[in-house]
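Going in written order, the chains are labelled A, B, C and D, and every chain counts its residues from 1.
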Amino acid sequence: MPRLSVKPAGRRLPAAEPRRPAERTLSYVEAIREATDQEMGRDPAVILFGLDVDDPKAIQGTARGLAEKYGPERVFGTPLSEDAMTGAAVGMALAGLRPIHVHIRMDFLMLAMNQLVNVAAKTRSMYGGRAGVPLVVRAMIGKSWGQGAQHSQGLHSFFMHVPGLKVVAPATPYDAKGCLSAAVRDDDPVLYVEHRLLHFQKGPVPEERYAVGPGRARVTAAGADVTIVGISWMQVECLRAQRYLADVGIKAEVIDPIWLSPLDIDTVVASVEKTGRLLVVDTAWLCCGAAAEIVAQVAERLQGVRDLGLRRLGFAPTTCPTTPALEELFYPNARTIAAAARDLVEGAPTGWLPEERSDLQSIEFKGPF
Amino acid sequence: MPRLSVKPAGRRLPAAEPRRPAERTLSYVEAIREATDQEMGRDPAVILFGLDVDDPKAIQGTARGLAEKYGPERVFGTPLSEDAMTGAAVGMALAGLRPIHVHIRMDFLMLAMNQLVNVAAKTRSMYGGRAGVPLVVRAMIGKSWGQGAQHSQGLHSFFMHVPGLKVVAPATPYDAKGCLSAAVRDDDPVLYVEHRLLHFQKGPVPEERYAVGPGRARVTAAGADVTIVGISWMQVECLRAQRYLADVGIKAEVIDPIWLSPLDIDTVVASVEKTGRLLVVDTAWLCCGAAAEIVAQVAERLQGVRDLGLRRLGFAPTTCPTTPALEELFYPNARTIAAAARDLVEGAPTGWLPEERSDLQSIEFKGPF
Amino acid sequence: MREQLYRSLYRIRRVEEEIARVYPTDKIKSPVHLSIGQEAVSVGVCAALQPRDVVYGTYRGHALYLARGGDLRAMIAELYGRATGCTKGKGGSMHLIAPKQRVMGTSAVVGTTIANAVGHAYAVRYRRQAAVVASFFGDGATEEGVFAESLNFAVLKRLPILFVCENNGYAIHTRQERRQGTPAICERARAHGLPAERLDGDDLLDLVGRARDVVPRVRAGEGPWFFEVMTYRWREHVGPGCDYDLGYRTEDEAAPHIANDPVRRLAETLDRAGRAVIEAAVEQEIADAFAFAEASPFPTAEELTSDVFKEEDHAATLR
Amino acid sequence: MREQLYRSLYRIRRVEEEIARVYPTDKIKSPVHLSIGQEAVSVGVCAALQPRDVVYGTYRGHALYLARGGDLRAMIAELYGRATGCTKGKGGSMHLIAPKQRVMGTSAVVGTTIANAVGHAYAVRYRRQAAVVASFFGDGATEEGVFAESLNFAVLKRLPILFVCENNGYAIHTRQERRQGTPAICERARAHGLPAERLDGDDLLDLVGRARDVVPRVRAGEGPWFFEVMTYRWREHVGPGCDYDLGYRTEDEAAPHIANDPVRRLAETLDRAGRAVIEAAVEQEIADAFAFAEASPFPTAEELTSDVFKEEDHAATLR
């Protein structure tokens, strides 16, 4: 296992650096597929499985052609048995394989919590370092088109809460590839969070192998007035919000944490020390969520250093409704994010909500899923 | 269902008020047993079940005699099937019963997450209010005597994260009884968190029925120098810390949130507005935990109002070790809490750690569990 | 009685055909899992149930909801995301409920309602009510651990529950043999100690007959019973169309089921006139339901955070 | 070979008797679930395994760990919470592991290692290794959904795994009949499509014989196999003592098992001299192991946050 190559690789690319002028443009889906293909090509210990991984839709195409290329023992669909299949993934990892276990909805991980929280997360420490679980769990967050109560949750904070698990939520095709490679090479369990809407994103992706490892957040837009941290899909909305804010002369600094656990809080703290204002936007509920942790850490780190403006945005405190009339209100979007950021900057509610710009609209994905 | 009597009862007793000079002293175990007995006596819809509820140990005595009194249909042990038994509890509740489902370790709830997060929490909202789940889930947090990796977790923040669930963590026999009655009468699912060490606590408990409902935290010690919020067992440690601090002339205000969701943040904010310093101590990990939420909300609420000193204490960021040499370091205790509070007050690390006072020692519970 | 059965069967078929027809217009803002081809399972079992009896189903729940007498207007309005929907537009097609008709739950997480149904049956028995609970689920659901756990508890407590496994041979695009070490679902049920039998989902009258034999025995306290009903999904797993082009199954495989279409077969046993009356009434009802949905308002913004808890004020304090 | 079996059996019995003797002194800082009375199950099955074979067990894992040749000193030191323990004092009695002897996992959450063992067996087959995985668990574990899910997957993929259910009739203080609708665990296994047989856990030589017949067939790729071994726990569920006073079971129930004590029965088949040599050696080894544990240091404070991740530095950044 060239495991040492992981973190160095992650480090070698300074996350704050603008991404290199890239050879190619790939979609997020293609980037995941390429990382999987390259890691499987590199290391026979890597196997891919999960419900419907080998079916005609190949998990939105992220596994397209891999069953044919690597055969049914390395790429296979499973029974509807999330608990045992997660336990089996742990056992494969204990045997030295590097399984990638895919779930088309993060909601279904609620059936896998025992193996993830009580076994995978505990293995290395409770066995005194004598065993480890190099497992990657891919979990998708659904949105739009009436995904509803049980197909829309972002529950990544559960996994951030438990020592022994790592959590990554790439927001670009570039990071989708680099973080998946890093996750596969990691010797410990990693939850890889994919937002369903990100699958449609396109962006520059180098052909060669590279890893975006834990430890470095990325500043995706520089600004001095307010720091906006956007997680997963919300990174896209935050970058749009940054442009709405620019229209009114507010310079927002946007940060993508990329890895949520371990979390690079230093990059966020450095930015907030400069701007004095922090808005964290998550694709999840707020109570005890990733946004709470980021706000708490920044407030702790900057206590006595300077005054702060703090704000969180995320899911409305209710179950995700299917009707578009309410679903639209359930989620933050570029305009509500911009409005919240402006209120922070002004230090008071301004009532401002930018006119929707057609070039900054959300492409909502259309059913059936 | 006299459900309306719940919140009134909860409200009728101003949580901040000193507890009435009580007739009797009961243990936390006896208080739970009495609340269960009284609620079962009051309402035939209340039933009690869970692994080993009807065995000779009767869940540390909390169910002592109830199987005999109410019969095997109302009080029964279950198969080792946490997932289906939780689903069954939801179904019983949908049918109008008020089940109390007991788990001797909160860790085992990881097998029940699908029914709790995806079904129980969602039912009322996803069905537009046309159904509800009046379910109480009792879950115990283990500590000491090498409970270890899988018998020691405090995972209450998972349930605080999900709208539709309520969470309560009483720290005294008085609240153990009042909160359980309130939870049973609540028309929505409630996670009732019991710390194994609290079972041994004794305190005043009125004989009559009463409910300590959501909405009100309790100030358990008044002080002007620093606000200390202690959750579950940590409330006991915080009150001891308050006395260590008094020895060095520091007046700590100690708050017991009692209900973690919905959370009475106003009481905490009011205290911190006065003291300017907040230390939150949880019997859980910190990342995305209850302490993160409380710190974040206070920092948000008091931004621009006054400077704040903020600090969190909880489990060490690792798996709970069995050896006492490390287990002792894994948990905060009265002395480390006092030290952290003093550092907050002094505004810098003082290196102070109080001499252990024999009257403020932890009674650690001795194995086998 | 054949008229009633035909009305129910024809109504479900036509409602879902209409849903499929309208779907491309995007007026329906919810994923739909159609039961076209599987209607007889719900109709046949529900024909043996009494009003006090209870059913639990899945995201593929239109047929069960309608077979139990669920309000059609409220269902179509729900698919349209309107405030007049059976869950006010909050749950959508996958979470239909009709407490009056004792449709007590449907879930988009496979297997979950099996345990809920078992718990409901426990409550029924505890209260000495003479009701029966019927739990509907697919062949894929039998792979979830909750299936075995639920059967064990139902047998242990001799609960008044009828398990109905709708075996359409697939979980999404994966056939049963590729997911199960042995396809013998009835064997697995029997091994838990309850009687189990395999039935033909295209033979409505036989289904009704078996259900009418079994339900009274379950009601009488003989304990749980298990039906595995062999059926076939004509349309794609989710959505309005057909999916033979995907290549995971062939039209040849579907042909015998389509040839045995229970709707057509039952229709042929009825006299033209009576049948025409039924069909005209159904078409009228469907047109009315879609018009009702179209005309209904969307829920207002206040509805977003309502119904989180019974006491609304708590929703506010919950972050 | 009977000498070897006796050595292993006697060693486990005496180690646990010694643990029970020392326990009241509080030197052992960990809950202990003793296998006294059940030793033959681990010894019998492990006698048929090769060094490359793999085992997974439970919190009641002393017997399996020792039967597989796990280091005794490291085990006692683990119970004493010392840095020299098999997990450096971090896991305790419920989480023994011995990677060299291929004891790859034990869990305090019932049922979890069944799925881990199945996954390990998948890896073994994927790598074309000729190893067999043996999964040990109790009768209570068969009630967990993961049991059915794991059997299904093992059969579906024809994995080289031997399931060993140690049926001691109880889950803590609750007898099997009060938890299972039918006690026929083998029937449930067969219904998933794998051969299953019930064996007498007090008859060590028969156990060894059956295991030696079956393991080569599993190794040869015939697919998974299931043993239900009837045995009995002589001591309390957790802790060093007896618990007949609790009233959930009687001494009469235990009597036949104690009368058939496999340790005594095997002892009687050996000549006095050879037996004395074995026993003396074992007593010596045990005395040495406890002395080793006593003399070993506790882990230092730095160990608290080590081993969270392979790359230590991440532990720090993880709150």
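The definition used in the following text is that a contact is a pair of C-beta atoms (placed from the backbone, for glycine too) under 8 Å apart; a residue touches a chain by one contact, two chains touch by 3 or more.
If you're wondering where the values come from, they're calculated on a predicted model, not measured in any experiment.
Comparing mean CA positions across the assembly, the chain most remote from chain A is D.
Per-chain Cα centroids separate chain A from chain D by 40 Å. Between chain C and chain D, the centres computed from C-alpha atoms are 45 Å apart. Work out the mean CA point of chain A and of chain B, and you get 32 Å between them. Residues of chain C in contact with at least two other chains: 85, 89-91, 95, 107, 109, 143-146, 149, 152-153, 156, 179-180, 307-308, 315, 318-319.
Contact of a single residue of chain A with at least two other chains is seen at positions 78-79, 81, 83-84, 107, 110-111, 114, 118, 125-126, 148-150, 163-164, 261, 263, 285, 287, 293, 317-319, 321.
Taken as a contact graph, the chains are fully connected, with every chain touching every other chain. Considering their complex, residues 51-52, 55-57, 77-84, 107-108, 110-111, 145-151, 285-287, 316-319, 321-326, 329-330, 366-369 of chain B touch chain D. For chain C in complex with chain D, the residues that touch the partner chain are 143-149, 151-156, 179-182, 184, 187-188, 190-194. On chain B, the positions that touch chain A within their shared complex are 83, 107, 110-111, 113-114, 117-118, 121-122, 125-126, 148-150, 153, 155, 157-158, 160-164, 261, 263, 284-285, 287-293, 295-296, 299-300, 303-304, 307-312, 317-319, 321, 347. Put simply, chain D touches chain A in their complex at residues 54, 56, 85-91, 95, 97, 99, 104-105, 107, 109, 112-124, 126, 145-146, 149-150, 152-153, 156, 306-311, 314-315, 317-319.
Taken in their complex, chain B has these residues touching chain C: 3, 7, 47, 73-74, 78-79, 81, 83-97, 99, 114-115, 118-119, 123-132, 163-164, 166, 187-188, 214-215, 261-264, 293, 297.
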